[in-house]
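Heads up, the thing below is written out as structure tokens.
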Amino acid sequence: MRKSYFRPVKGAPPPLCLTISRRVRFEEVDSMNVVWHGRYASYFEDGRVALGNRYGISYSDFIRERIPVPIRQIQIDYYHPLMFEDDFEIKTILHWSDAARINFEYVISNAAGKLVCTGCTVQMMLDQDLNILLTLPPFFAAFLERWKRGELA
Amino acid sequence: MRKSYFRPVKGAPPPLCLTISRRVRFEEVDSMNVVWHGRYASYFEDGRVALGNRYGISYSDFIRERIPVPIRQIQIDYYHPLMFEDDFEIKTILHWSDAARINFEYVISNAAGKLVCTGCTVQMMLDQDLNILLTLPPFFAAFLERWKRGELA
Amino acid sequence: MRKSYFRPVKGAPPPLCLTISRRVRFEEVDSMNVVWHGRYASYFEDGRVALGNRYGISYSDFIRERIPVPIRQIQIDYYHPLMFEDDFEIKTILHWSDAARINFEYVISNAAGKLVCTGCTVQMMLDQDLNILLTLPPFFAAFLERWKRGELA
Amino acid sequence: MRKSYFRPVKGAPPPLCLTISRRVRFEEVDSMNVVWHGRYASYFEDGRVALGNRYGISYSDFIRERIPVPIRQIQIDYYHPLMFEDDFEIKTILHWSDAARINFEYVISNAAGKLVCTGCTVQMMLDQDLNILLTLPPFFAAFLERWKRGELA
């Protein structure tokens, strides 16, 4: 059974998911002929960016609002390697949080459906002094509202 | 207090440590003017490679013995950003394990001594069929012996 | 007028072209908010790989035949920057050569059709001793035949 | 004989040189067990940054003065591969220019003194509207003065 990175939040709506497809590029493969482990952070980012764009909570939205959302934590668990030109899918799962915090989970699988890796990132929304935001930015609060009302399914 | 990534092993010798210095390179910095979070896996690798070379358990030793030691897990906790041309230190800590497993912990701090990030990696030693090794390779068993006898302090 | 990287070869068939689309990823952008100049080698490779796959002269074909085709030269001329999430096109142009040599030209333009950069790479086909091949590998000779007969247009 | 990337300028002082040492890192090596060709742009940048810091014309100086100095051209000629943990030297050579332009040449050689690659970059100094500077920034003009007077040898 798959590892669970986040504790369930009471009364939270179901997670939002988005799956994108990619192919391994030559420069991503190391001398062991597999994707270098450090590259997966960039695959996770591909998934995170796509989901953010889809739901109106993109990098550009946060930059426009001047709200840094740095990554505070990343975890990656590797199960099966990817090789040059392998097609694979990145499933990105946004879990609900009541705080100024963004909890993403990731599941990467290859074209045969085999589990390649899982992982998570935790981001915090900060103010200009790099303290954690006490009030959510309106565009994000609105997004949470729609999510809670089930309008994003 | 610093996070503890590995449970203590009973009767284990104290961890082995090595600290190296680096400076942030231009291409490592993202458009937020800080080192991109995904780069830290490569800083950890710098530390891991240096410690392996120092104690005779380098990448080259494992390649010569044809023993893959893929990374199974990585965790990174980010506390403070690094910027272009910041000098920083990577402290790599090898924790004892009784299994065919290599447990590294990492602590990165900037020139002012401020904690930048911590993290860990877990590697497994595999045989040619990618199963976990049941018997340690002689060079690694010898290394463990010396470590246990306190000859590597 | 666009720079010409290769001298025309007498009696050569017209170049083969393939255009692919990409979007700038976050980690490709530097602290000046533009794609770091060194990244373009990887965009060129995306184009080169796609053209190779399309015409049966892929990296995998050369690896299977154990023929190294290292890059001997790269040139890049930069005209206009790319920024985060910019969509752009990579046009890859394979020029005819009578030698064991692969001459690629590249033209990158943004979504508005503005010229971003141009460049070229030169690769040599080598034997196992890393000397330049005197006889072309059959799969490549066959590819040249089809190209010359106009079957690849 | 080594390729010459820049035409000599009449009455110009001799070039400024700086050599730094590096070791190939694991992630820089591709599946052919050699440093991926696209990585050399980053080695050139290591050399360029070091020379800039040494002579007071660093990235930080240009950023402070808000003068973009984007790379307009890069050329790399590859002669011999580098492998994992190879030690190598990057010799960076700054050639004189009378224009708002920075002409760097690079020579990389391995620990045995064998020529690995050579190359060049051309940078232009721009104003805030991204037009080429008509007047050099004072700190750079002063640097050229000292260079011309032979004070930087």
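Order of writing sets the chain letters: A, B, C and D. Residues in each chain are counted from 1.
Everything that follows uses one rule, which is that a residue touches a chain if its C-beta (ideal position, glycine included) is under 8 Å from a C-beta of that chain, and two chains touch if they have at least 3 such contacts.
Since we're looking at a predicted model, the values are computed, not measured.
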| item | value |
| --- | --- |
| Touching both chain A and chain D (chains) | B, C |
| Label of the chain whose CA centroid is most distant from the centroid of chain C | B |
| Computed distance of Cα centres, chain B from chain A, in Å | 25 |
| Distance between chain centroids, defined by C-alpha means - chain B, chain C (Å) | 38 |
| Distance between chain centroids, defined by C-alpha means - chain A, chain C (Å) | 33 |
| Interface hub residues of chain C, defined as touching at least two other chains | 26-27, 38, 42, 45, 84 |
| Partner chain C, residues of chain A touching it in the complex | 25-27, 42, 45-46, 49, 59-60, 84-85 |
| Residues on chain A engaged by chain B in the complex (per definition of touch) | 32, 34, 37-38, 41-42, 45, 68, 70-78, 81 |
| Touching residues (chain side chain A, partner chain D) in the complex | 26-27, 29-31, 33, 36, 38, 84 |
